[in-house]
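Presented below are the structures under discussion, each in the form of structure tokens.
In what follows, chain A forms one complex with chain B and a second complex with chain C.
What follows is the complex of A and B.
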């Protein structure tokens, strides 16, 4: 688990863009006609430093605010954008103006009416520097201004075309809040969030305690295609914070709660075979959990060393050892559920120690020292894996052991949040790890685009591989200019092949979101950012 | 576990059978070998991860099985003795030193000095021992060293009180009066005649508290305030194995048994020494 504090924020910033609604559960509960009523008690791992997702970058704030706020549009499975608070929209031919027609008869929990002025107030507040938005503002960095055309029509202008704009609007971070709550000191708006969502929370969020929601009885405006087209089935939801995975699991199995988020792999395996409980789980689209080599300096600047590291370590075995089959081994730069995934490259992600050793010999690391590590000109082949979590994970321990087999020393550097960011910006590391949930192959550019290398001038950005290969950058440009999805995916497939040939990333496992629940909890489905969709969950009585 | 740092006050004297003492000595001998020269017990590197042999149950190759990273648990338990026992020993040693110095000072500095020192000791005593260690770890960073310091600080007041009382008792004895009467200088009398005769009980107390210290140091490692991974340490091994308990029992049971046996042996021996000491002095 990630440590809270600075790293949590950094980590989340790096985890960046995620989309909103959609996705399916793979372990559906018992079927039947939904029943109204009941209180769902849930234990979750993380709490946000601020509930307001317009301010907070954390996944926890998105999770806890989603039941409270609706968005203009919804992003469903396959990345499709569907109407929600906006019933339709028109994009100008220069892709700079979006005109939204808003749903009528929508009310905020405080009684205020949802209208064009409310949309403008929300977007203006997000980009206002005084709001100190740590994610929402960067999601709509292309935003220029909003104009109220009439009560139910708003025109949004962008500074430059941005194909991710609608996806951004679909996130809880751009969820629409009551205008009355958007004024004043943003720091005073961290406990309660008032939106138009299927649930309300009068007391809001309290650190260490959690948050309670009650049903919004008037709710009649879910996203198009929602399974439940009216008010939520649940009377109430009570969410408590339990950072310890074992404590959460114990709370579930002893009946203290009905459901838990972030089930640990061992617990997940156990839960799946326990009567009366169901493990709900769905894969993330986007980029697998991966190690990212610093391709700009150090040993990994050499493509041969990178390729040897990828081929010479038995990543699937490590994944199986650590995650007991709950997460599958990664077979590409993208996860298989990501639109535009190129499955033809899977055979390149194989385990081949002989080839790895041959490559390392060829790279000049042909001699070994007394401890069995390879050397070149008397210098040991050492790579520094930098992170800011406390302790060393089992995964890191096993990667270290795997690398040693091919004579590469991996040094674990546990840094405090400040030092971590400082060295990230300077590029003073050899390896770094992250995953990245995203609805489409555009995420490749976020993590490997030359314009996204973290530097002191630019600040935190996601190209931690510091990758600049011109051919791949050209593919990214071609994808953005593509006229249709087919040619766009073709450009991204070219990029995937070149990135694979170049070993610019070491994909390890395909992340999944997990939600363990008793079998009384029905109709569990996931939003694209991993939170369960509480609007459609119902409890057997 | 949380009360581990409270000054032990055995309420009942149990006469320990000779076999029990012999068993305790055997256990402590093995632990001492493991702590000082683990290489004599196992030739396996405790940090060598065999990715093809994770979570193996105990067998002839791995007497205690392997952990989730394929590391040999027998080697880790053997090598873990060093960190676990040395923190306990180090903390007890430091606390003894501090307790003797501070206790003697309190007894020797007259009414005001005694009052000030004793009240300060009361303040430290009022803080729960493990809380004090958390404080030290928060200020100085978590490591085996800070755990040692923190545990020692929490134990000094208990020792100092006993030393102070003993110094006052010994000082009133006739041979000390005689030494003064012979014209020996004050500090010399304190160092040569008073202190050596006053520290006996606190040494006996220290052996009993050593067991509590070992438990406390394991507790600290359990919550991540001990030596840094991948260093093998019993408490940290318990913590790492906890999540796997439903899948594999051996990663928690063996370090747990090691802690239990060691503490039991130290306590048995401590009580025996205390009883012998009391028979001798009373």
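What follows is the complex of A and C.
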């Protein structure tokens, strides 16, 4: 994840908008049998504007709310959906009705019983416009209504088939909260969230400060296959908000906290070689950090120019120069840990200057001006890279130098957030950069679906490539209506191939989630969206 | 004062009392004017920032059209600018600061949560500034030229150091290495020391210089010669007589510094992971969160007005000449 700053508007904001939790993606070797007890002190960079993930779209709200709320289902490695608060479910043949059988003897932290009515209350509340849900409601945009069949059975009906519905339910954004807390002013949930999770927090989240959790001693309903099948090992967790990367790192190495999230690349390299500390890290599933060309207008409307830009720049070397091996070079539209990733396309993401030059000659940019830039009809081949996050500066400088080698001028435009949004909506740019963490291949539609092009009427949306290729849109539609995961992945694999052939995105590096900790912190593993799984972490005494 | 005057002359109000009352009335009117002006300027400056409020508010989201419509309706973002402005002013007049668009809670509540930590920091910084400046200025106002150049050079150096860098150096030495003070998130006294030093460095350098110049100027005054002739010690001369003269320009400087610290401590708050109004203001501006931005601006303006009134009162006490008109 990029360091947080003023890219505020699109980059970081979009970052990780869709994500689910529950599965573990990487386990670091724990030593010996887990021990119960202890308080884990953690410093994190980002804070949510509101703790409630049904309202907030931020990764920070998912991170801080996940210990408090469980979901109906869990998404594990490879995108597999596993039982959690729902022990089993049936999908009707028209794929419009999902009937969930709910786990019995589950209690919320306020003593309320988890039942079918609670599920209905949660989903109805998410889609109620008064909740002003900035993400959760969109994740289940196909939702029509819930019916309580009996105390432990709920039927959910969709308006149209949506093969991503279960993985949406797995996110903390659709985590189940105590029904009594959902009536009344939604704002009250911005500080306290009451769920069935392995931890509880009586005082809740304090803005700019953090949140403290204590173990839920009754917890006996983790997702199927969880490493810890009972109450959490930790007595308590204290999370502090510490926005400065250097201060977080110093607090860790001087023993003032036990762990930190968002370790900067420089600190990550240092921590990896420091005795007594461990850098836990896993690649984010989703879309790599990429440059997105404006495929609708300007030089990048020409596929040859896009392909030349992708082939003619040595992206892996730039990644190595800027992030010294902490992040790996991207080899596809999705990252390799994303379910449905098509590895057969990797060979197309190669460095081939000769081919790039040939393509540019063919596109009519055969002449060069006195400064060595290509021209067509006397006009220089110039692309404008627009950004508002200073974190991208080093990378952008190197890309600029790489593009110059093949005769393309990149102009760097560092904008304030408002101007950035304005020009994004108008399509007044040639290049934008962002990554996007997400639990599955459906993220392709979020970033390349024709209905997601940002416009003044629609407002902000994420198809910054303004990409509309009908064949790819048809693949997206086919994927949504897919009857099973295999055919869904097949449709998304077709889309990945066409997007690659079309050079609709320039993937640069695979982002990683990082969690630096002392070696007393054991059994660190990551959930599907990159947050650490606090339920299974234990402290050596 | 007023009551005393009335007692001594029961028939009519003394001219002095009228003068004081008039000054107070003009002050109060001026204060209201400053606050209304600050709210108005802030409102229109936010609107002048590029990007529509709705787009910036929803920038980091995947809000559905229904939610977008709800946000616009609830915050009245489709009303004309002037309708929005007068609706806001009307609410403000009744003491309602509105609800933060982004934090979804009352502005006053959002500010109230962060304010105590800010006030602590500002108070500590001011105390540190006054004490350090007086000590350094009295020591530095020696007659030796090289000593003065040395002090002046160090002051220039301090002013050139960015506060965040100084903060990181202090953290590195006194927290990470020596473990004397906590690095992040502490709300007790030990957590206040390093941030206050980092924040006070610039004001100390500036105030010391102003104060020292004042001291040196005053030392040339004839009354100093008279005092020395009476055989007063050099320290007593400076502390009792000269300092009082030199302090006058410094008091108004301190008033200005205090006002700027309320929202201006943001870098220090970030480096030391402190709660504070500065961080609140920064994110509010980035998000075009109009009610919250205006709330913080009004707070800073109020502090500014109050402190300046105190400064004038201090001047009134320090310098009899300011009482004449």
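By our rule, the second predicted complex is superposed on the first by the 485 of 541 C-alpha atoms of A that agree within 3 Å, B and C clash if a C-alpha of one lies under 4 Å from a C-alpha of the other, contacts with A are read in each partner's own complex, and residues count from 1 in each chain.
Note that a contact is a pair of C-beta atoms (placed from the backbone, for glycine too) under 8 Å apart; a residue touches a chain by one contact, two chains touch by 3 or more.
Here the structure is a predicted model, which is why all the values come from computation and not from measurement.
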item	value
Chain B versus chain C as contact partner of A:87, first or second or both or neither	neither
Chain B versus chain C as contact partner of A:269, first or second or both or neither	first
Of chain B and chain C, the chain that contacts the larger number of chain A residues	C
Touching partner for A:401 - first (chain B), second (chain C), both, neither	first
Touching partner for A:214 - first (chain B), second (chain C), both, neither	neither
First, second, both or neither for A:246, with chain B first and chain C second	both
Partner chain in contact with A:422 - chain B first, chain C second, else both or neither	second
Common interface residues of chain A - those touching chain B in one complex and chain C in the other	246
Touching residues on chain A, where the partner in the complex is chain C	6, 8-10, 12-14, 17-18, 43, 49-50, 55, 57-58, 129-130, 132-135, 137-139, 141, 186-187, 190, 206-210, 240-244, 246-248, 250-251, 253-257, 416-422, 425, 446, 458-462
Residue ranges of chain B in contact with chain A within the complex	48-52, 54-55, 68-70, 224, 228-230, 242-244, 246-247
Footprint of chain B on chain A - complex, ascending	245-246, 264, 266-267, 269-270, 314, 317-318, 321-322, 324, 390-392, 394, 397-398, 400-402, 414
Touch list for chain C against partner chain A, complex	49-51, 54-56, 58-71, 74, 99, 102-105, 110, 113-114, 168, 171-172, 175-177, 179, 182-185, 269-276, 279-280, 283, 286-288
